[in-house]
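Presented sequentially are two complexes of chain A, the first with chain B as partner and the second with chain C.
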Partner chain A sequence: MQTKRMTFSSKWLPYALLAPQVIITVIFFIWPASQALYQSVLRQDIFGLRTEFVGLDNFVRLLNDPLYLNSLNVTFWFSVGTTFLSMSVALLFAVMVNRMIRSRDTYTTFLVWPYAVAPAIAGVLWWFIFNPSIGIMPYMLKGFGYDWNHRSSSTDAMILVIIAAAWKQISYNFLFFLAGLQSIPQSLIEAAAIDGASRMKRFWTIVFPLLSPITFFLMVVNVVYAMFDTFGVIHATTEGGPAQATNILVYKVYRDGFVNLNLGSSAAQSVILMGIVIILTVIQFRYIERRVNY
Partner chain B sequence: MVENNRWGNLLAHIILIFGVAIVIFPVYVAIIASTHPSGTFLRGVMPLLPGPNALENYKTVILEGRSRAGTPPISGMLWNSFVMAMAITIGKLSISLLSAFAIVYFRFPFRIFFFWVIFLTLMLPIEVRILPTFQVVADLGMLNSFAGLSIPLIASATATFLFRQFFMTVPEELMEAARVDGAGPMKFFKDILMPLSITNIAALFVIMFIYGWNQYLWPLLITTDPEYYTIVMGIQRMVTGGDSEPLWHLVMATVVLAALPPILVILFMQRLFVKGLTETEK
Partner chain C sequence: MASITMDNLHKVYTGGVRAVTGINLDIADGEMIVLVGPSGCGKSTLLRMVAGLETISEGTLHIGERVVNNLEPADRDIAMVFQNYALYPHMTVFNNLAYGLKNRGFSKAEIDRRVRDAAEMLEIGAFLDRKPRQLSGGQRQRVAMGRALVREPAAFLFDEPLSNLDAKLRVQMRVEIRQLQKRLATTSLYVTHDQLEALTMADRLVVLNGGQIEQVGTPMDVYSRPATTFVAGFIGSPAMNMLPADYLRSTQASDNLAHLPQAADLIGIRPEDLALETPGDGDLSLTGKLLLLEPAGAESHLHLKFDGLHENMIIRLPHVPSVIEGQALSFTVRRDNLHPFDGATGKRVS
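Here is the complex of A and B:
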């Protein structure tokens, strides 16, 4: 890794400059992470008096636990749903806004601010709209003969948290898609138009393939968001229910560790989550390296 | 434009206006709900037009809170959120600027090693190490304090990378000139590098402030004393903390107040926000 050609010389100054960042990283990131690794191979008895080494037994138990497998499944569908919904809506908006000339900035302003809304607040807002007794959506759905109730229906609860999580993420995806669309050379599109390609055809054969690096990047970012940043959405609304239907991994770690005080299992779950983050981060960075040569 | 299709443009406008309406709808409903008396929510469907109780509701949540549900007046929570967000933002920016400076402008043993240590923070978000981090903070006696709310969150790999990237583009000559004139490293940092970085600092400030304000899990874990509740986590207590149905008019007034500061930051600093967002990810 590079430095400047010419550098300052000091024996201690660079260490002093790095110290605050490194000390915080070690105390609050690396040490707890290693503790999680350590605790994941231990088990405490119910009174918390004795701990014994159990090897990989916590992991084996976890992977045989139907509740954990259910949580994996729920997380998968939740991530896929959130990513797909927010990205497709954002792409539609970006393509439409990109056609506009004078009104582009106005629409952008109206579409970016949900980024500022905390996931927990997004959850509460949609929770209110979908409230079975007074919400406007169940009222309208009743008109179509659908009886909405996220307190008893697993599907309804899942749809609710996906909408809440995706809504907040639309702004982010929109900005990146719009930037991507603006960087596509106009000449390509004009050439296709001269050859008689319709607008739809031009979009699917030229624009969309050229957007694929951004689409891929956003997919990774959105999956990370759905898996790790949506704790608030779940905690403030469904609390994992009904019947575990929205119990995503991050929420389960919290429940098992803080509410049920099952240290070994919670630590093992943390270690699995770390593995997932590491894989996703590596994918993201390899992609960025590739794009530099693009 | 390749072709100018009047009907196509009209259709695009219609889709966009419809889309914007859907995006705005949840917040519109919240604002409307916060202007109604509690009786409105006992029967039928939620209101879609403003009611007469706005002033009263906001006065109630800001000054009195709901003692029954264990939530203090939210003026205190707003203040806590502000202090936490500012502490996280300023903390992240300062330690990242310093580390990026060290990594770019010095050659020293273990430089690459330290770089990777900082990089690791990207791979360990708080959500994956909830319990052990809580234990560390508890052992250090930082529960229920502003230090506990902010310090564990101020390590930042993204900010460090961004500043490193930017420092690499600063012309070599500036530093050579500074050295010829006899300026030491810290003087160079303060008088030349910092002023040059000001746009980047501002752009990151916007992103970090929103990040800090919207923290949820962390304050939830380490604050048990209502004195230190932040507004975003406090809302959850209002929704589930009371008995039976939440008092929607008060909850929604709180939601509006909790969401307003970061939204205003984005609306007034849109250019910086977009710059910060797109650059931290690249």
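Here is the complex of A and C:
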């Protein structure tokens, strides 16, 4: 294969052009990542006076720690809940907006706005809305006879963080779904209508399968988001509580490392998280390239 | 099996485009009607109105005995073949054919039987397990046909089904579709802008222009007696030559033109009705200068300039004559091959 070769006048120019990206990657990824790897095999005593090499002991301890296993479980349900909620709401919006003709762009613009909101702000927003003493939602739920309190009920807390995390991601999913819907030829839908499929049936047998590559891509993106990008949401709403009910892995890394100053364990947790990201990324690239389903 | 009756059909799109204005047409049971016309004349719109994919702004549409104006496409008992085939890309060929039957609650055995029958008829039996993207254009076209005919509908609707195929395949599929349609005797409405397709396939031809019908008739009718100058120019290739009647009156013996109506001020002559021969009895004779000779294998097209005529004339000969460009040539026309038109209205006068 013939590749086009660029020739630079100065020998150093290509390196200079690459430098910013390389420096950023080194400072913010390679260096901390290698630190984490290094730390994960060390243990400090309580006073921080001695540091000893412990091999994989940090990992063994983690996997035997009920709190860590609980966090894994919480993360699983949180990711599934957030992904499912944000994707299904986004798909619903996309289908509705796709039916519009004139007002489509206006709605699209409004629906994209939440994506520009920082996670911590989204967290605070939902913290206010669901605040047991001053929030509007608990007030309304009381009208239906439900006593909302995410400070004492772990179910309520989980629902709150899922809603807060999913809300932000809806915009992103919506854009992808809308683009996907617009790329489905109208004649396919028309052919299905002539073939006697009801609106619902057309959606589930034609539209939804044709969206499957996008759905799969978004699923991975959303799981990654829910697992790694929701620190701000948790921090601003429940801080992992009550009783560890919303203490997802990322939040636990922070708590154990910076609050409880257990650096070895925290580093080992980071390494496990890094492993999960790598696996998810590999899955994504493998399947996206093969285009799921058709 | 059903007739289709269009009674004063109108279509106004939101935004005000009047795509179809006042179409009246009776299609008999089992008849093949071809809608032909230039791009944007409303062919697809009319077809989609019959299919139920566009609402009918005004008028009544019957399929069989029923008024179908407000029926969903699925309830009209029609099947449509789309220009891009519109095969479901994620389903196998078998499932593409079976989809409409499944939706209508046919039994598994019946679906299987019908799909296999259709597949055999169209010679796509070997591809039933493939996805559409694993098929060639011609095979996809067959699958699209198959999907229409497994349903055994009252009418087939075709929207330029062959325009994505290469020239050779188009001729082959044209023949096959026509044979199939005759065998099944299913009422069909076929849209094309290819006049050869129109002439060869139609029981009756409908020439549309600007959302209105210019002429309805058998292909030979339309060809030999075009009702308007538009039809005269649209059907036939090369297009019919149009000469001012005054020009003929000034150059020809008057008894050759005596049969032409007074109102006719525009005379059409088909390129193949001019012969490179010595004048005989009852013939008009025209002499012009050869500008260009286009040999086309079995035939040839001659472009000529006539004294006193602004437009060039085109003449089609069934052979390639040995003439040179710049040479003066004489042609004869039989007088019953003159098509008289009223230039102002564009209508044929008789």
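As a convention for this text, the second predicted complex is superposed on the first by the 278 of 294 C-alpha atoms of A that agree within 3 Å, B and C clash if a C-alpha of one lies under 4 Å from a C-alpha of the other, contacts with A are read in each partner's own complex, and residues count from 1 in each chain.
Following the convention adopted for this analysis, a contact is a pair of C-beta atoms (placed from the backbone, for glycine too) under 8 Å apart; a residue touches a chain by one contact, two chains touch by 3 or more.
The shown structure was predicted, so the numbers you read here are calculated from the model rather than taken from an experiment.
**Student:** If we overlay the two complexes on their shared chain A, which of chain B and chain C does A:Gly135 touch? Say first, second, both or neither.
**Tutor:** first
**Student:** Is A:Tyr115 touching the first partner chain B, the second partner chain C, both, or neither of them?
**Tutor:** Only chain B; A:Tyr115 stays clear of chain C.
**Student:** Is the number of chain A residues in contact higher for chain B or for chain C?
**Tutor:** B
**Student:** A:Ala243 in the overlay: touching chain B, chain C, both, or neither? Say first, second, both or neither.
**Tutor:** After superposing on A, A:Ala243 lies clear of both chain B and chain C.
**Student:** Quick one: classify A:Ile206 as touching chain B (first), chain C (second), both or neither.
**Tutor:** So A:Ile206 only meets chain C here.
**Student:** In the overlay, answer first, second, both or neither for which of chain B and chain C A:Glu190 touches.
**Tutor:** Once the two structures are laid over each other on A, A:Glu190 reaches both partners.
**Student:** Please indicate which partner A:Leu63 is in contact with in the superposed arrangement: first for chain B, second for chain C, both, or neither.
**Tutor:** Neither partner.
**Student:** Where on chain A do the contacts from chain B and from chain C line up?
**Tutor:** 190, 193
**Student:** Any idea which chain B residues touch chain A in the complex?
**Tutor:** 1-3, 5, 8-9, 12-13, 15-16, 19-20, 23-27, 29-30, 33, 41, 44-46, 48, 94-96, 98-99, 101-108, 111-112, 114-115, 117-118, 120-125, 127-137, 151-152, 154-156, 160, 168, 172, 175-176, 179, 184-186, 188, 210, 213-214, 216-217, 220-221, 232-233, 235-236, 239-240, 245, 248, 251-252, 255, 258-259, 262-263, 265-267, 270, 273-274, 277-278, 281-282
**Student:** How about chain C: which of its residues touch chain A in the complex?
**Tutor:** 51-53, 72-74, 78-80, 82-84, 86, 88-90, 99-100, 103-104, 131, 133, 147, 151
**Student:** In the complex of these two chains, what residues of chain A are touching chain B?
**Tutor:** Residues in contact with chain B: 1-11, 13-15, 17-18, 20-22, 24-33, 35-36, 39, 89, 92-93, 96-97, 99-101, 103, 107-122, 124-129, 131, 133-136, 139, 167, 170, 172, 175-176, 179, 189-190, 193, 199, 217, 221, 228-229, 231-232, 235-236, 239, 250, 253-254, 257-258, 263, 266-267, 270, 273-274, 277-278, 281, 288.
**Student:** Give every residue of chain A touching chain C within the complex, in rising order.
**Tutor:** Touch residues, chain A against chain C: 185, 187-188, 190-197, 201, 205-206, 209-210, 212, 293-294.
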